[in-house]
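Letters A, B, C and D name the chains as they come in the text, with residue numbers starting at 1 for each one.
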Amino acid sequence: MDLISEDDAALLVVYGKKGKPKKFLVKVKRGKVLHTHKGSIDLSEIIGKEWGCVIETSKGERVEVHKPILTDYIEKIGRATQIIYPKDAGFMILKSGIRPGDTVVEIGTGSGALTMVLANFLGRSGRLYSYDIRRESLETAERNLRLLGIDNVVLKHKDAKEGIDESNVDAIFLDIPDPWEILPQVHERLKPNGPFLAFLPSCEQVNKTVLKAREVGFGLIEIHEILDREYESDERRTRPAPWMIGHTGFIVIGRKISRS
Amino acid sequence: MDLISEDDAALLVVYGKKGKPKKFLVKVKRGKVLHTHKGSIDLSEIIGKEWGCVIETSKGERVEVHKPILTDYIEKIGRATQIIYPKDAGFMILKSGIRPGDTVVEIGTGSGALTMVLANFLGRSGRLYSYDIRRESLETAERNLRLLGIDNVVLKHKDAKEGIDESNVDAIFLDIPDPWEILPQVHERLKPNGPFLAFLPSCEQVNKTVLKAREVGFGLIEIHEILDREYESDERRTRPAPWMIGHTGFIVIGRKISRS
Amino acid sequence: MDLISEDDAALLVVYGKKGKPKKFLVKVKRGKVLHTHKGSIDLSEIIGKEWGCVIETSKGERVEVHKPILTDYIEKIGRATQIIYPKDAGFMILKSGIRPGDTVVEIGTGSGALTMVLANFLGRSGRLYSYDIRRESLETAERNLRLLGIDNVVLKHKDAKEGIDESNVDAIFLDIPDPWEILPQVHERLKPNGPFLAFLPSCEQVNKTVLKAREVGFGLIEIHEILDREYESDERRTRPAPWMIGHTGFIVIGRKISRS
Amino acid sequence: MDLISEDDAALLVVYGKKGKPKKFLVKVKRGKVLHTHKGSIDLSEIIGKEWGCVIETSKGERVEVHKPILTDYIEKIGRATQIIYPKDAGFMILKSGIRPGDTVVEIGTGSGALTMVLANFLGRSGRLYSYDIRRESLETAERNLRLLGIDNVVLKHKDAKEGIDESNVDAIFLDIPDPWEILPQVHERLKPNGPFLAFLPSCEQVNKTVLKAREVGFGLIEIHEILDREYESDERRTRPAPWMIGHTGFIVIGRKISRS
């Protein structure tokens, strides 16, 4: 049975006014105390308990103890740097047609959010090669991957424009500002009919990527923007949340066709 | 090398006015001829060619030959029955925290679209149990799964309200009209802190599900609606498509907490 | 008392499956019969009745008899040509700060939909000058305005790029493909601090308009896209409509500032 | 010529990082100094200048001096209390079919935002009767109306459920939590075929209002939600703003039909 142990990561949740959750992603340590605006929480107390247990703060406020999942880690990373959100990452994976065991290339490791999602999806038999030109991105990503026990990723400190080493790749994900510069190499390194998926903040980048993709030899080109509306519901009423994320990025997809 | 063979499924694409793709998902047979508004296509011609090759119709119109991916099959199913779209399925999988190898229950097989996505994601080491009370749904789903070579799904002709057989389940997906009726059993059968994810068309269903989930013992309850905006981009301009899907369904998520 | 008379315009509504309204905008004539898929309607029958009365088709189906309002006319025009929708027109008027009695210029009469809305808003004491280079647009607009009894509009068959005749104008509305070409004249002809409002289908047009507006001397530049989600609600459920209009156009607004 | 005078309201705008405008709605007074994070502004300096002039703060930062329009006042009110936004108010007015000179009733004055928009639209020859049960709402609204020089509004401290005094009204706007309670009186007091328009935050309120409207005798019932997406555009790129208002309210509309 999987009980809470020292050194586990735990997601502690206290609820504020209007039932809004306040989340704390912590490492469980005997003797460690977490201070919140609702009172302090003694982490010793949860060791040996079941995931999903409910405890109380020093002020008697309810605390839920959750076992963090991948999107909880990504949410935490997202507070510090730009990330790809679940709404975007989930859609991209489905539209890429990749399957556990596949070989995938990612250009632009960034914070490693999409890296983690892809690696988790590909499983132990799959392989992800992730390129970035910034050493600090790779270091952050490596730390995050280790935290999650993910070991099927090869991080590469290299400018992919100077060459992608892998070939016959099942899919290539692009999270860089100028993917059009690299689409010829991407086309060359994909397996026949393999897709590229680019994540892009602006209309101008979308246009440049689409035009280059047509020229280089991609078919079934699609452009999507995924929006996530949150709702609130209780005894009194159901309604969309008053604020929402207005924009993260556009997704451009194409599948390799033969040049002939 | 993976070339096009007889009996393979192929996605043929011709482009209409304004570059809009018209897609044909066909089984490749020697001697079979597909008739389109852009001329006929002799399927014999593509046998032995590479995926992603480009051929011509009898009228000299360009035809792209794609190797169909999971979402192409789902898109085809979607023309006949209600399906869960990539935007919703991808998001649900990420928010469920499941991983390849996990054990998952689906209540409401329906057309089998989500079934296929889940089974593909769980991989050979995972297991999906899918319940439906309509025998014809299960037969359609079985046919679709066989078509894709997916064999890690157990289809069950049973009303889950009378009992879910599996226990310590990693996640339960609900695609039935009245999930609140079954949330107590769902809670019981999930592993500690395991999530449920319900897909629901209306506000009233959302409200009933949320209230029941709180009562039964779920935390971190969230309600999402995912929207997919498509764009068009060419040499002249970039803009959102004039029509969009206005609504598929709401997604309600909760994670099991201990009742105490 | 305002009863239905011969030669009045009337909006007849029959309801199809799922309660979807089917609308007929007709001229009331004694002896005229309207044929619908729900049976025929004898228009003689409604003469002398009250607006909002309910009659029956020859097959006994319910028919509501509404007095058409401006948006009903625009909806009808919209079936034939491109129009500006209520969601866009209403927003543009409010953001223009115009008041009944003001003097306004419109560049690009088009179908006359926005023309009608502006003219109706300005009232008898106001004045609208509307420019178009296509004679047929002006003819259509003139017919539509006469139909509605609107007489405060001066239609001009002239390319506004060769000069806007009016000066010290309260606001200028632009519904042409290349408003940036004309922004210097627009700036010159507006009263101090007067606004321009441009309606534009694509991102590239938005960008060109915004950059030119900054250069020419406009402040408080804003870009908006207004979306209209329709919902369905009955005894059983409330939910967004399954389809929606995905895009009409972007709205760019700026207020004239002194060049110095 | 309309120059800036003492006691005029002025909208001063300084631009922060990323060009985001910071707005100050002030009364112009000789000797008054406004302190901003970009330096102080001496209001004496703008007296006698043209609207739209550009001055500098004590730190040499650019300040635009705009003549406030109705939506600027509403935006300011919106910082303190719940308001109806331009996107909603503009749409409601267009869909109501009202014209300058009409007689309109508003139930729920609230902050007076919609009151101001309606009164401005109806013009001097029109009349607006606005009901509220909270005396402080009426006082705020009165102050706001006086500020704008609007004098065609009759504010009524009365519960409209106990009776609407006016009859043969052109349109009735409802901004109260339970409009279904009052729909029978609304129906009675409207002119034949006159519309009601209700603004409602939640799905449950929408459903109750729609069901009651059908029962009481309204036709062409529609439910809309208007969304306003803002965009950013400069030399480098065009894209939707990262945050947006997720929800203000739903709009329910119906037109009176005869009960028979």
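Everything that follows uses one rule, which is that a contact is a pair of C-beta atoms (placed from the backbone, for glycine too) under 8 Å apart; a residue touches a chain by one contact, two chains touch by 3 or more.
Please read these numbers as outputs of a predicted model, since none were measured by experiment.
Look at the contact of chain C with chain D and you find the same residues on each copy: over half of the numbers used there are shared.
Taking the mean of the C-alpha atoms as each chain's centre, chain A and chain C sit 44 Å apart.
The mean-CA centres of chain C and chain D are about 21 angstrom from one another, to the nearest whole unit. The geometric centre of chain A is 41 Å away from that of chain D, both derived from CA atoms. For chain C, the set of residues that touch two or more other chains comprises 203-204, 207, 229-230, 238, 240. Contact topology of the protein chains: fully connected, every pair of chains touching. Chain C makes touch with chain A in their complex at residues 203-204, 207.
Chain C contributes residues 2, 13, 21, 50-54, 64, 66-67, 69-71, 86-87, 89-97, 99-101, 117, 120-121, 123-124, 191-193, 203-204, 206-207, 210-211, 219-220, 222-235, 238, 240, 250, 255-258, 260 to its touches with chain D in the complex.
Residues 201-205, 229-230, 236-248 of chain D are the ones that touch chain A when the two sit in their complex.
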